[in-house]
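What follows is a single structure, written as structure tokens, with notes after it.
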Amino acid sequence: MAKDKIVLAYSGGLDTSVILKWLKETYDAEIIAFTADIGQKEELDGLEEKALATGASKVYIDDLREEFAKDFINPMFQAGALYEGQYLLGTSIARPLIAKRMVDIARAEGAVAIAHGATGKGNDQVRFELTAAALAPDIAVIAPWRLEAFREQFPGRAEMIAYAEKHGIPVQASASKPYSMDRNLLHISFESGMLEDPWFDASADSNKDMYVLSVSPEDAPDQAEYVELTFEAGNCVAVNGEQMNPLGVMEKLNELGGKHGIGRVDMVENRFVGMKSRGVYETPGGTILFTAHRKMESLTMDRDVMHLRDSLISKYATLVYNGFWFAPERLALQALVAESQKNVSGVVRLKLYKGNVIGAGVKSPVSLYNPDIATMEADPSKAYDQGDATGFIRLNALRLKVSSGVEQSKQK
Amino acid sequence: MAKDKIVLAYSGGLDTSVILKWLKETYDAEIIAFTADIGQKEELDGLEEKALATGASKVYIDDLREEFAKDFINPMFQAGALYEGQYLLGTSIARPLIAKRMVDIARAEGAVAIAHGATGKGNDQVRFELTAAALAPDIAVIAPWRLEAFREQFPGRAEMIAYAEKHGIPVQASASKPYSMDRNLLHISFESGMLEDPWFDASADSNKDMYVLSVSPEDAPDQAEYVELTFEAGNCVAVNGEQMNPLGVMEKLNELGGKHGIGRVDMVENRFVGMKSRGVYETPGGTILFTAHRKMESLTMDRDVMHLRDSLISKYATLVYNGFWFAPERLALQALVAESQKNVSGVVRLKLYKGNVIGAGVKSPVSLYNPDIATMEADPSKAYDQGDATGFIRLNALRLKVSSGVEQSKQK
Amino acid sequence: MAKDKIVLAYSGGLDTSVILKWLKETYDAEIIAFTADIGQKEELDGLEEKALATGASKVYIDDLREEFAKDFINPMFQAGALYEGQYLLGTSIARPLIAKRMVDIARAEGAVAIAHGATGKGNDQVRFELTAAALAPDIAVIAPWRLEAFREQFPGRAEMIAYAEKHGIPVQASASKPYSMDRNLLHISFESGMLEDPWFDASADSNKDMYVLSVSPEDAPDQAEYVELTFEAGNCVAVNGEQMNPLGVMEKLNELGGKHGIGRVDMVENRFVGMKSRGVYETPGGTILFTAHRKMESLTMDRDVMHLRDSLISKYATLVYNGFWFAPERLALQALVAESQKNVSGVVRLKLYKGNVIGAGVKSPVSLYNPDIATMEADPSKAYDQGDATGFIRLNALRLKVSSGVEQSKQK
Amino acid sequence: MAKDKIVLAYSGGLDTSVILKWLKETYDAEIIAFTADIGQKEELDGLEEKALATGASKVYIDDLREEFAKDFINPMFQAGALYEGQYLLGTSIARPLIAKRMVDIARAEGAVAIAHGATGKGNDQVRFELTAAALAPDIAVIAPWRLEAFREQFPGRAEMIAYAEKHGIPVQASASKPYSMDRNLLHISFESGMLEDPWFDASADSNKDMYVLSVSPEDAPDQAEYVELTFEAGNCVAVNGEQMNPLGVMEKLNELGGKHGIGRVDMVENRFVGMKSRGVYETPGGTILFTAHRKMESLTMDRDVMHLRDSLISKYATLVYNGFWFAPERLALQALVAESQKNVSGVVRLKLYKGNVIGAGVKSPVSLYNPDIATMEADPSKAYDQGDATGFIRLNALRLKVSSGVEQSKQK
């Protein structure tokens, strides 16, 4: 009789290697290892062999970078999503894509479960599993770190190494870093270790080696660099006049941002599972894109559409952060966002300089800005009669006057 | 019989000088000149004499700087107000204070009207007049620039200068700048002139002379500087450990921010009167304060309070921008904000470097961040059981699974 | 040389008859009279002749009822719009349609302006003119009641009658009612006159004659009547199993609601132009539809989509009330609403009895309600493990516990 | 050595009786029985004896009705809270009060835990436990129905009865009803049993016996009855001119509402734990109060305060429904609500008739409604100049015209 199949999100690191073997033993199942290439730039070479050597029956290594940029990063940036006023959601937005592919593989393979190595304290477990729930409610999820048996078997790193050695799982003798990292096309995150002390100065020179995607502002070039981003309907489609697909845009902006020390954020944030945590992020290209997009909107988006959308950013960002990408309320918000972006087209010029993304001009064939109306000089277009403001102000003031009159009569 | 009195917001510049005389003639009234010192640092010396020479019957020059910092800037920064994702509302927040004092003087003097020199195209007229409506619905407002007779008499600057000369009004022979400026304790704004072209690069070296409160990032010191801000209940009460009143805080932060090239914003914004306009702002101290306040909140503010407040920032900022400071809906929002700030206390350390305000540590005696809970290491406090996440995720996923199941059955 | 053309929204009543003639004289223009049939059931017979006799060069009488039901009422009811918790927006939603057709006629006729007889105090002027601004910014609007010359010429009804008689305009010698009325397919509104006193009891027996669309609850049948509404994607498509187009649905529900005394509302509301006013409405069919739609949603709409949509109802309703139907922010909200309605399909059974619309059952092939999960009995589907709630509650409680601990430590 | 103490929310019914004994045995602890009188009108006589006979070491029976009305119902009605457009939150609002008193008793008694008999599928468990978390994070909670051991021991009602008999627990031989009920001062709820079928017509004559607090509209008096409610700062303080404390108000309104068949709601709702469920409610007095409060606001509350508050009702209601009464975000919202209610004072007259609550007049010494302004007749106060509307509309239309112009130019 055929064994059950389990699809495991596999990175080749110690945790998922141990989990691969452990799953195989515990469930007496075929384990299909799946690695998504979402721009993490980690060593993907040899991963297939390693997975097979560890016991996988089959290995998927899928390049999802273009899909990531096009169907996940782009719509999220259209929404102007920013979590708690600071975080560009670099990790959050990658998880639904990975889980979606896992589910697709599970369906194609007839697997009964998917498994992941995320801990029981973080947001990633939620993001993986809510995606699976939304896309494949019938497929079970195995999260070993939330199983008491697993935690008891592996109370610490030492036990995992021992287990790996015992089972002939190849383990890299990498000097463990005093923090954890997670990287993709949009960003890299750092947490744990010395970062757990929020008073620790992650920007200090002594901590310089931690960063990967960007130089420090102090080490960035002394010469500013200009860049022009072209937008069509809310998406960046060209950099410095060169048409690019979404992946190309991200790679180009990452290069530029990293070079100029752009996009580092150090924050305390609120996890969905209820506690605060401290994270440090590098989002070089994303920070440029975020700034440019807002500036493009400022010229081309209707005022009240912007204010409405802005009032929903906190909600949208929280949904993405919490893993509700495939939830119907995110789709409803996205429909509003898509409608709001139809006219967000034109060119934004930015000046990159030692950590700064400085607006240096914006233009559009569909600009809603009309200097003839706005000017304090004589209005050549006669589009605006200053006398109109009198009635405008009076009617806006009417309810305030009535309230005020009542207030005064109360005090008598 | 005593003449009617009119209180005029007077700056000593060409416009309000001409208006002073024009009002006196047109209405055959006593004109009381009023100048608020809100940190504009313009020449206040000799202003009294000049007003009297121009025809004022009485002159008020009132130092409102401390009130401005304490009762206007502080509550607004508690709210985290940011207009259209970019503007710290430096001009908007000053107007209600000026109008409030005008109204107080009008009451004390028994004046029948207040007058101002704001144009019919801008936001300031609205802010002045909504404040007056809310505080003194019985007092009339005269806005000469919205009167056709006045506009016809003064179609351009030349006619104003001629009028001034004819009436012996002292006019400074200042070389007119190709843009307009407005300064106070919180910021300086620039608009008009060459800035009306949104493609004009206001950050260019060739435009360096425009800026007043800050050096360019390029010209800021090569050496970063650390600063510590102490917060109590959402307000900054000490800088680098030194207790200061709100005015002192703003002055100190302006000095630091200006030195390090911090707080320049160049944007297209949406005026309340219906058109887009382009503004450039320097808000050096405010930018430091804004950043520090968010970081203080990140450590001490409850997650759901933050998300609720964040969803209302757009609304709050729009109210301030549009001049509804003394409107009951702003007061209702402020009550929510005040409740949210009770626990926002502690110290934020920032690193100022060439335009960047970099978080470099945060601590608080009432911190809600508990590294023992957040840690990915073993949890010494046992406050968090990873197994709990299973139930948490399952119940969050339940409605997604049900929806998904229905969706799948529809496709069959 | 050809004369300019003006399109006038014409009802045949005294006001618009006088305005027709007055416009013709004042502007020396051709006046095109336009009457929209939106279900007002007023005498449309003879209207063409009357308009021509009064001086119109051409007359349009267009039946817009089906368009009104399909493209205006339906999307608004999908949104669950309710203004200030009480008003179903019966007048508000009709205005954009009328103005849209006026603009279409103006374009087709090459007219330079449109004109209407709405007063300067109400909401209708705004709704007409914002629609025109959004659809035809180049066409001028003439609102005689806002012109001082017109108001001076016609300070009261007597002067209008005299003018009509002088110009041979046929005037009905109708006994004037002590209130004004406005009727369409969705509702009838009453205001002014004795209704201006908010303490006046409009529900009193002595006021019975005012109502048009419905009997009083007291006069409704003693026998309840059941009705079933079938929904597809948020719209009612059948009543009692009989397929109907949107117009047919409204007519059928109006008949049922009117018979059973349903849909009267008496309220004080806030006009866009700044004052409160008192209105009484009859919306018999709309009230049934509104209730049924919510009940259909309760069974088929995802929880978080509903909560999101509900948080936007006040905004949506205010936009419609204020006349922003064709504004981009209404379109953005509508996109969200449309997305939310995809699954709102099924049957609602209601019991109509003396003013009450009582839910009497709801069912759907795409119901999200699963009694096997909800039941307090044993769960045959095993879809829900009660133990999961422990983790769910613990993680939801975590931040409250941390806050509470900090609070307690402060008090020590 | 003294035994640990556990405080149990005890009703005297089969479940909590069995739980009392089971807790005592399982934890070898002293069990303190606590019953809150929140208006459930169930037999409280003999409850103390029964609890002691079942093994309680001490019994608290506390009358919390006045506190319930004053500190829970009143602030919630000030907020206009309505869950999912239909539910007045009668059960939800009682739970935090009960849990608060449990915690107080636990503190006074030095208890280590509190326990309740709510199931793992409902909202009440969450409401109890979130309250406990917010008020006493150090006290443990025991929820037997979520413990697998307990569920295994008591798979059904038969096992509980057998256990009760074995331990000499007095069990009433009541004929079990085919649904469950929960009653308090504000309402009674029904769920389960035949109600689990959402197509079941709970309004049918054959189901009449289920209802407790109200007659059917069909059985209500043929004669309408008028009632006047007097409000001060958002709270009802007198009925028909007679001053009453909050408890007295609720009792009087319940009597009136019940008599006239008012306040029945039958709905499908979304539980916090993730599933939909069907509930039927009777809220006779609450429905009158809710309607009256809105009408009082309509006359005395500023427009923009109302729209702001209305946009937050869904959020507020969800917080109460989900059990976050003592969470900081509810307190923040309440601060906004309290500010909004300062002027909500006056008298509302209602007509009660066969299920209908009909507005029949409203007046206030601080009314913001000024018929002199609103009237379509000549305005004696000259407070409103119709010509002002022209400028008001033009500036509101400006952005629409600009957008429209851009749109048209795109199509060329």
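Lettered A, B, C and D in written order, each chain numbered from 1.
FYI, a contact is a pair of C-beta atoms (placed from the backbone, for glycine too) under 8 Å apart; a residue touches a chain by one contact, two chains touch by 3 or more.
On a predicted model such as this, the values are computed, not experimentally measured, just so you know.
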Fewest hops from chain A to chain C - one hop per pair of touching chains: 1
Homomeric contact chain A-chain D: same or different residue positions, threshold half: same
Centre-of-Cα separation between chain B and chain A, whole angstrom: 31
Length of the line joining the C-alpha centres of chain B and chain D, rounded to whole Å: 42
For chain B, residues contacting two or more additional chains: 270, 273, 275, 302-304, 307, 315, 327-328, 367-368, 370, 373, 384, 387-390, 392, 395-399, 401-403
Chain B residues touching chain D - in the complex, by the definition given at the top: 270, 273-275, 302, 304-305, 307-309, 315, 324, 327-329, 331-336, 338-340, 395-399, 402
Chain D to chain A touching residues, read off their complex: 302-304, 343, 366-368, 370, 373, 383-385, 387-392, 394-396, 398-399, 401-403, 406, 410
Partner chain B, residues of chain A touching it in the complex: 80, 84-86, 119-122, 125-126, 129-130, 133-138, 143, 145-148, 151, 155-156, 180, 191-192, 196-204, 217-218, 224, 264-271, 273, 275-278, 294-295, 298-299, 303, 306-307, 310-315, 318, 326-328, 349, 351, 353-356, 358-363, 367-371, 373-378, 384, 386-390, 392-393, 396-398, 400-405
